[in-house]
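Heads up, the next two complexes both have subunit A, just with different partners, subunit B and then subunit C.
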Partner chain A sequence: MLLAAACTIAAPSRASFRPRLAWEPCPSDVEIQFLSRHRCGWLTVLQDRSKPKGKTIRLLVVETWPVGVAPLPGRGFGFGTNLGDGYSHGSAPAGATRLRRINVALQLRGTGHSQPSLACPEANAFDGREAGRLSGDASLREDFLSAVKACRERLVREGVDPARYDLESVARDTEDLRVALEVDRWAYLNSYGTSSRYLFEYLRAFPGRAQAAYLDSPQFPHVDEVTTGVKATRHALDQLFTACAADKDCAEAYPDLATRWARAIHRLKRQPLKGTATLDAAKLLRASRFALGGDGPEQAGLDLTLLPATIAAAAKGRISGPLAAALEDTPLYCAGYRPLCVGVGDRGFSLGAYLTVLCRDQAPFIDRAALSTAVGNDPAFRELVDDHPYLAACKVWGVAPANPVVARPVHTEVPLLLLIGQFDSYSSAREARQVAATLPRAWVVQVPGQTHNALGFSDCPIGIRNAWFRDPISPPQNTNCLDKLRVSFSTAPEQGGKP
Partner chain B sequence: MSLDRRLREGLGRIAAGIDPDVDWHLRRAVRGARRRVVLRRASATLAAAAVIITSLVIAPRALDALSSLTRRPPAGHPVPAVAEPTTVGNQAIAGTYRRSVPAGDLDVRSNHLAGRWIIELRPEGTMAVTAPASFTGVLSGSQFQVGADTFRTTLFIQDVCSNLPVPTYRWTRVGERLKFTPIDDRCGARVAVLASGPWVSGG
Partner chain C sequence: MRRLLIAALGAVLLAACGTDPPPATSSSSPTTSSASQAAPTIPEGVYRTHALTWNDLVAAIKAAGYSTNDAASVRPIFEFHKTVVFTIKLQGDQWTEFESDDGGPDQVGDLGTYTVTSDVLAMTGDGGKGHQRLKWTLDGIALSLETLPGDPQGDAAAPVAIFTSGPFYREG
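Showing the complex of A and B:
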């Protein structure tokens, strides 16, 4: 039987390239994040697997051991954070300890320390120039697109083929790493945010290579991030208005927040506000999406708790302090388009890696009718989509569309746990439930009071995940702790001004 | 057991010890088979030889196709280095401590940190933390590491102080009192909890 199976497998030529994994000391900025056992290595793979003698690339691998307990057999693998974002390994030991497995992280091709980087310092040079301008400012847009073009040209001169940094290539890197580590099946896979697109592609391309997977704040391959973003943001705003109305202090300070929102959008559409930053309707929407997608209070000072006050102030023609700070401090075209706006710099965000997945694996497959329906007649959402700087950048990034299979739903027998925050403006609980309904072993946990990081702010969903992982073919049990989670809105005058 | 693993292990055993010069083996086996063709049990021998030939030819290639990788480092490759920071120093302050964090500071108010905190510093470097009921953030999985007079910790690294470097404090202990002084911590909330007053030994 073994021989029969072997005969069906295409045999590579003797000249075929063999990926290599070599262990080396960690880069210093990675090393300093650890207080416990870990090791780093470099996986060398082909940039383009169809060219066995072509350019090779090096990807940083970081293994982390559980602390205070012996690891159980098997390794877990994480696809990292949102598309293009850099890496923080500081919480990896905690994750390894909770699941009692050695955790493996791969700094995906084009990102972080992996070589080459597809970061675009050419575009970073324009950070901070958006604050005083209106949405869709043509001059700034031209500067950005020129920077993207210059970035691409530089990378191509250096031998980089931007198209080879796509979902398919990352899935194959992951499989090469699995074999290099002599792992039979991953004990678990995980992803955070939009990196779920890598995870799903891996499940599609390499079925049966994982025992279970949990996805924090996922997006799904068959819906592009623009369409999901519109739907998720609209849903998150509705959740915000409802939650404020249900909160005694918030309802008292900002009654009928939905009406205030509509008033603010209408007012800003007619007459933008100008202070240290300029605020128009699309920028208020982007800033609100930023707060709803917030990954922690360190995000330029504007978070979910401050949003009612911020909206109320805008409806009255004022720009709140936290909103002004968010408009001034976040990188160019980050707030409202990308979930996380910290960690700027070459290793903080890889614009090229992000653009390749957007432009090659998503944009060509956007269902324009579905997107138009999602936008509706809302002028702020229309502007958000029509002025999308990254979709515009696809024209200069110049990567051909991927095989359409990457944009189809993935069917998998692997047990999945999908965790989504109530206010997440980047991940849709409705889409998650629709996906789960088509799979034999997939469950959705919606986490009250949370944004785009369902596992990030409470031990409650972490505990639910840990317990599920012990028996992943069954639904998550004992989710009662979720009932206690709620958001406390700030009504302090200094946070936006009481009405 | 998965097909992948069965193939890798089963074919690996079959292929073990063979000379990688497959062509030489092939010619040798074919010649041997021809010489024995006149023997009485020629047909059985030929069948066996065919199995061997097939194994010799297919097994390495099948493994290649399955893995496309060098799974073991070549001879002379350096032994993988595993960084395992020492935990010897942790014993110096291992134990349980408590303190009350006063309200007032903006970081304390916005993160609901005011109230009674208990930390259990375990010798292996894990840190059990009990917070006031008002704090709903992540406490599990915290670590620490003690140097001669330094203390580093991952407390709050997942939420309140996420995306910031692991901080360093100086520690001093006088009798029952343990005090942390920040050397390098950009997270005001953590400074407020750890260093705005002394910790007292005992649960």
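Showing the complex of A and C:
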């Protein structure tokens, strides 16, 4: 384990730079999110730790106290949301209260308020232009890649080294923060969605620095997000078809949904639909993945409950209203590639931070044979992968591959609770179980009826997490409440064209 | 991570802004506790409702012209079992709406920026998406919000429930 850590993190420099943490008033858009005790600070670290006299960067730290109860000793630390996504601190007091710990959030380098930001407004300018185009539209792709190139060039002119915004650097930031806060060990770590890649790198690089960790909808370092995405989406679709067949109303309204799906894909492959938005096979797959990986049942109008009706409508040559809304309203190349498609400003998306982790820590280590096997002969999945805009952007983002150790499985003694929704198209319960089987203290809780964000929709998994946290070296107990969770599909005619 | 109601409200607020809202048609004037001659406004601060039941929310939704089915359709957005307390925080040009479900901790439901005219509170959702215009009156510490006659409501039953089930009482 120590050898692995040494492979990942370069030896400390002998230079005298020391990270600094200073408490200051919160930015106004952070302050407005709190009613209870909190404070903000800035952690100053080196952009490139191999250059002790080089550029420094500032990372926003937000501490949140429990409400109505005295905090127990120790602090918890969260790695935030999906890669590149911004921050909402709105549920931090609730989380701190439930676990009775001061919760520490770090707006990771390149994201949110942290300075510099690796957001790319150059690319945001193309939001909304995808709705009327077919998948893989070459002109739009060229515009996007030009914007990414322009973003990189601007950042480099400003002194940014995009490669230094990778998993290794974030893990080191986290450790610098722990030292600055004089925390012996984190009482817990947590991650949401694809930010699990940061958490696993921290566990790899700094073993023994946490007492426990819970990961909501995680991905794992040894499988890239593209391959996981194909497998998870296929599994989620299968779960959807099975769940609809088992639901009396859904089965009656949309019998044999799997056949309808195949019919829709076949039909759209031959003849895309055109309305206020254009729908082809790959876009139906992307929109379905968006709904299955949805972070909320109402994001952009399309959610899991509406998906059977949406698929049935597409099979009949119609674009449902919620599907059209999803196609029209989500940012460029978001739906079907990224789990969350909302938020602006510090709560918006940092394309540069996302691209560095994708292009440096994942893409070089994609197992092409495994990915090809996962895709199979499915034309929609093939198009989804072949036209992947972010993998294409790696060519212009221009960051060298990381040390391959970042893409290897992490062995840790730290107790882990892995929570995954039944329909999650971004996180694979099968991969989670395989990982848990190799670790001495890791457990998987699959949450029925849920998509991405397994902890976000029900008190049941939250209660399981809270109880486990009191004794994290034992498996989660009293999980019976999971049996009552299920999805209710909408069969209302106005929601997508009841046949 | 809690479900992001921000997204939910962003979507429904967006649905309400397909057309530019017409000017306010109300002629009633708000009252304030201030004797100042300055144009009435809503003081910055934290405003909280009493504990509300689902029936309270349904009543507000129906009072705004929605049907019982409209109310039922937005029930899944709300996570409380028995009661909910809504809180609005106004600071600078920013607002945040919080929800406390069944006596639990406050959690952010939605946020954005706002402006106040003499009788209209105009709220914009995160990133400029979605708009909500509400008639406001302030009686002492009690802030009441109502939908504006003639304003497009779209599918905005959820924010109607949140903002008009009040009143909100100023804290501190």
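The working rule: the second predicted complex is superposed on the first by the 479 of 499 C-alpha atoms of A that agree within 3 Å, B and C clash if a C-alpha of one lies under 4 Å from a C-alpha of the other, contacts with A are read in each partner's own complex, and residues count from 1 in each chain.
To be clear about the criterion, contacts are C-beta pairs under 8 Å (C-beta built on N, C-alpha and C of every residue); 3 or more make two chains touch, one makes a residue touch a chain.
Note that this is a predicted model, so its numbers are computed, not measured.
The superposition on subunit A brings subunit B into a clash with subunit C. Of the two partners subunit B and subunit C, it is B that touches the larger number of subunit A residues. Of the two partner chains, neither subunit B nor subunit C is touched by A:D249.
Of the two partner chains, neither subunit B nor subunit C is touched by A:E413.
In the superposed pair of complexes, A:A180 makes contact with subunit B only, with no contact to subunit C.
When the shared chain is aligned, no partner comes close enough to touch A:E153: not subunit B, not subunit C.
Using the contact criterion defined above for the overlaid structures, shared-chain residue A:S28 touches subunit C, although it does not reach subunit B. Of the two partner chains placed by the overlay, subunit B and subunit C both lie in contact with A:P93. In the superposed model, A:L485 lies in contact with subunit B only, and not with subunit C. Once the two complexes are laid over each other on the shared chain, residue contacts for A:E142 go to neither subunit B nor subunit C. In the superposition on chain A, A:D471 makes contact with neither subunit B nor subunit C. Superposed model on chain A: among 1-9, 19-27 or 127-135, the stretch of subunit C in collision with subunit B is 1-9, the rest showing no clash.
In the superposition on chain A, the residues of subunit A contacting both subunit B and subunit C are 31-33, 35-36, 67-68, 88, 90-91, 93-94, 97, 295-298, 342-343, 456-457. The touching residues of subunit A, counted against subunit C in their complex, run 28-29, 31-33, 35-36, 67-68, 81, 88-91, 93-94, 97, 192, 216, 295-301, 325, 329, 340, 342-345, 347-348, 453, 455-457. The part of subunit B that touches subunit A in the complex is made up of residues 2-7, 10-11, 14, 54-55, 58-59, 61-62, 64-71, 73, 77-78, 80-85, 110-112, 122, 124-126, 136-145, 152-154, 157-166. Residues of subunit C that touch subunit A in their complex: 1-8, 10-12, 14-15, 46, 76-77, 79, 87, 89, 91-92, 94-96, 98, 104-109, 111, 126-128. Put simply, subunit A touches subunit B in their complex at residues 2-3, 5-7, 9-12, 16-26, 31-39, 41, 67-68, 88, 90-91, 93-95, 97-98, 176, 179-180, 182, 184-185, 208-209, 295-298, 305, 342-343, 456-459, 462-463, 484-485, 488, 490.
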